Amino acid sequence: MRARKAWVAATLLTTVAFGGTTAAHADILFWSTQAAPVEETQAMREQVLSGFDEPIDYQATDDRGPWLTRIEAELEAGSGTIGVLGALHGEFVSLADNLVDLSDIDLGDVTLNATFKELGTLGTGEQKYLPWMQATYIMAANRQALDHLPEGADINALTYDELVEWAGVLAEETGSPKFGFPAGPQGLKHRFFQGYLYPSYTDSVVTKFRSAEAEEGWNKFKELWQHTNPSSTSYGFMQEPLLTGEVWVAWDHTARLADAFNQRPEDFVAFPAPAGPTGRGFMPVIAGMAIPQTAPDMEASKSLIAYMLRPEAQIATLRATNFFPVVETDLPEDMPASVRMSGEAIARMSDAENANPSLLPIGLGEYNGKFNQVYVDAFERIVLAGQDVRTVLDDQAETLRSVMEESGAPCWAPDEPSDGACPVE
Amino acid sequence: MTAVTARETAVPAADIRKRGRFLVAITILILSVWVLAPIYLLAINALSSPAQVNAFPKSLVPGMETESIAFFLGFAGVLRALGNSILVAGITMVLAIGLGAPAGYALSRFDFRGKDAFRIMVLMTRAFPLPLLALPLAVMFIRTGLDDTAFGLALVHTTLALPFAVLITFSLFSGIPVELEEAAWTLGCTRFQAFHKVVLPLVLPGIAASAVFAFVISWNEVFAAAVLTIQNRTLTAFLLQNINVSPMHLKFAGGAMLVLPALIFIFAVRRYLFAMWGIASR
Amino acid sequence: MEKRSLPYLLLLPATLFLCVFFIYPFLLVAWQAVSQDGALTLEHFRTMAGHWKFPTAFWNTMLLALAVVPVQLALALFMATLVTRMEKGRDLVLYIWTIPLGISDLAAGIIWLAIFEQTGFLNSMLVGLGAVEQPVAWLGYQNKGTIFLAVVLAEIWRATAIVLVILVAGMGLIPKEYHEAAEVFGASPWKRFTRITVPLLRPSIQTALILRTILAFEVFAVVIALAGTNFPVLMGETYHWQFNLQDRHVAAAYALVILAISIAFTLVFLRTLRVPREAQI
């Protein structure tokens, strides 16, 4: 009797399970690695995408695993449901061969940032992705920390030496290290070394990887680490330790600081990244939109991308995600605190006399991850494992050289342009 | 004489027993607190405002703010995702037991060639990281139309739950004397009847345990769910996959919302899970 | 005739199922570990073994399994025995003890992070009690010991219930007469436990150990949540190579290592805890 009941149940379940698919209607699937925190996903759906004529299924995952697995599976199977891909510059790199040329999308009177548009070609002749939104990394501090600022130091024109001193004073006067750094598994630490430390100390990212100047930079960072909260190795987003007060001064992605600025704008300040001997290095974050060859409805996908680049949509995106527009537009007055605060810091940073902006790597292809790993490994070996700086740099330089040679990627700013693969001196 | 000594020793013995029972009760209490305390802390954080979650030192009493929970309940499609999760877990349960119990029975009752090979194969499914298998599976599912169906996802979850079903039923069948079955045969039962009338009631706890595992495995699985379902997302893929990058208070609220249904399910089947205590003595 | 074919008939559905949904994709992935552009090579295993993190990840995984699994087995046996001595409220206690079963490893990681982080519940209590003046960074990178301890505690909390359920289901089958008889003959509780419960429970212990050990080698989410980058484990490295470094070959090699140690331990348990036919009741 019981067995029969189970079978009936099984048949029922099966029918329902299959029945579900026929009823599902095909929305445009926007498969994204951005705006993954649940509130941002929700805001993207309700405030940005709801304005488009057709229903859109916005799915975001911060974990690159499912994102990559799904798109790779669709490409391999030769058919798919993903209409538009949303991801960071670096995440598109390995997919370039399977992305549709977007140069024929009609953007109307919208003016795209030319530098970012150029990045979207991924070094090919085609427009592999169109820029979607931008951000960068800045510093944030609890106002209490300002009382401990070393004499003569201007928070808006800080140097690494002053930052180290400040962190030291803070640790001493409060009894525990108050500088925080996102060195956890989800933290963006590699960007600090690529876009901030190296340009500030060597005016280079690749070429002078193992130079004496680089050694100096690493030693400075080791000094800073002495006064860094040891929990940093599990931090992903600095906004949380800032809010809890575990950390008073931090470096991170603007979107990963936003919650602190929005929840308690009076308690925090945003300010530019520090400068080193070769300037104030900093780096943009570019997210883009692309269409895979397997997209079910090419036209719908293209018009969605055009919609996302309209100024209204760009401003709605800024509110939803704390990523800034990539098109020319004026921001309204009533933006959230995080936008105002980080916007000012970014302007100070890029307008600084000694500003030294980096571009994003182009042409690394499938080696993008391994390129980042060189910097992460250097950090873990030098700073966490306490290995000899010179030995580690020589060692990692070999890996870097083989990554550059195997991928054939040419140099990008601040390195001097190269013919062929970017050399490691 | 002997009666007196018996009475004399009986008093301290009862005393010892009493003390022993007290000790047992205390130990059980401590273990229960150890299990429940973290759940309680989760509940505190899920029911607190963002400011309370980030405060230090933290209070051990919930703020009774339902803002974070309400945020998730307001999510479009949360009910549908809940339905999908239950559906997928249900199919997984049926499949895992339907495929696993016969195999467990065969492993416990017969000696045959390939027995160890089968056992190793079953275990391999659990010992190999699923995130790597997801790609070929997804390609296969897209090609066959199983992609984005509850049934397709349940098939994947069944491979994860099957080792539990096979091994647990195997170990329980092994504990039931063959003689019981043989006795039934001699009384005129067919092999199936004997199994159905004699063995099945005895292994019900094992079946229930397998069902619980199948349900929980399916309920909590994120990776395959995130890859293989799009329109038909499960609650876990819907809520949990980005939980690590969400602000603290939402982390806890999302976590708590996922835990609750699983607790209700275990509560519902606990009767079967532990009902058969000492039945063999009857 | 019937007796010869029956076991195969019973195994057939499960076998067919696994061939399609496990063996086929598994072979595809395994092939990636040993091939490059269609030719056999051991290069990927060399890359894996040559990476500076591999030995650390390997031994960390082993160490964690060795620290967690025996404690869980002992604790679960203890809990199961306690329950048998209860007369009232057994259902409730068992239910409470199986609660962690319903909690995913991601959620467990969140919960235990809330306890151990610097502004977490543990420090809140210690500061509140005046035991420490400043919150302690339990999970700081220099405190490798406390990180390990935190992971071990979280894993014991999360996954002991799996062992418990399997053992409890098995214990239900042990005839009460055995215990009663032993009691009549004056056997101490410890003797009854070691001479009756444990031997009769052997199939369940074996099952629990095998399943739990295999799962222990795949430990990932809790470690990431609590230890961050401080405690690399094999599963984390597999993930990293597959999705961040996008090298499917090396990731597959890592996965095969996990598989190999799991199978090796399974074989050990199958041998040492063999369930001889005469030991069955």
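Which chain is which? They are A, B and C, in the order written, and residues in each are numbered from 1.
Assume a contact is a pair of C-beta atoms (placed from the backbone, for glycine too) under 8 Å apart; a residue touches a chain by one contact, two chains touch by 3 or more.
Being a predicted model, the structure only gives us computed values, none of them experimental.
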| item | value |
| --- | --- |
| Shared interface partners, meaning chains that touch chain A and chain C | B |
| Of B-C and A-B, whichever chain pair has more C-beta contact pairs | B-C |
| Greatest separation from chain B - chain, by CA centre | A |
| Euclidean distance of C-alpha centroids - chain A vs chain C, Å | 35 |
| Distance from the mean Cα position of chain C to that of chain B, given in whole angstrom | 14 |
| Cα-centroid distance, chain A relative to chain B, in whole angstrom | 38 |
| Residue numbers of chain C (touch at least two other chains) | 119, 135, 225, 239, 242-243 |
| Two or more partner chains touched - positions in chain B | 54-56, 98, 131, 135, 243-244 |
| Multi-chain contact sites of chain A, meaning residues that touch two or more partners | 63, 65, 69, 244-245 |
| Contact footprint of chain B on chain A as seen in their complex | 3, 6, 9-10, 13-14, 16-18, 20-21, 24, 27, 29, 36-39, 41-42, 45, 57, 59-63, 65-66, 69-70, 72-74, 76-77, 79-81, 186, 236-237, 239-240, 243-245, 259, 263 |
| Residues of chain C defined as touching chain A within the complex | 52, 113, 117-119, 133-135, 137, 139-143, 224-230, 236, 239, 242-247 |
| Residues of chain A touching chain C in the complex | 63-65, 68-69, 94, 175-176, 183-185, 229-235, 241, 244-246, 366, 368-370, 372-373, 377, 380-381, 384 |
| Contact set on chain C toward chain B in their complex | 3-4, 6-8, 10-11, 13-15, 17-18, 21-26, 28-29, 79, 82, 84-86, 90-91, 93-107, 110-112, 114-115, 119-121, 123-125, 127-128, 135, 157, 162, 165-166, 168-170, 172-177, 200, 203-204, 206-207, 210-211, 214-215, 217-218, 225, 235, 238-239, 242-243, 248, 251-252, 255, 258-259, 262-263, 266-267, 270, 275, 280-281 |
| Touching residues on chain B, where the partner in the complex is chain C | 24, 27-28, 31-32, 34-36, 38-39, 41-42, 45, 54-60, 95, 98-100, 102-103, 105-107, 109-110, 112, 115-116, 118-129, 131-133, 135-137, 140, 155-156, 158-159, 162-164, 166-168, 170-172, 174-178, 202, 205-206, 208-209, 212-213, 216, 219-220, 222, 236, 240, 243-244, 251-252, 255, 258-259, 262-263, 265-267, 270-271, 273-274, 276-281 |
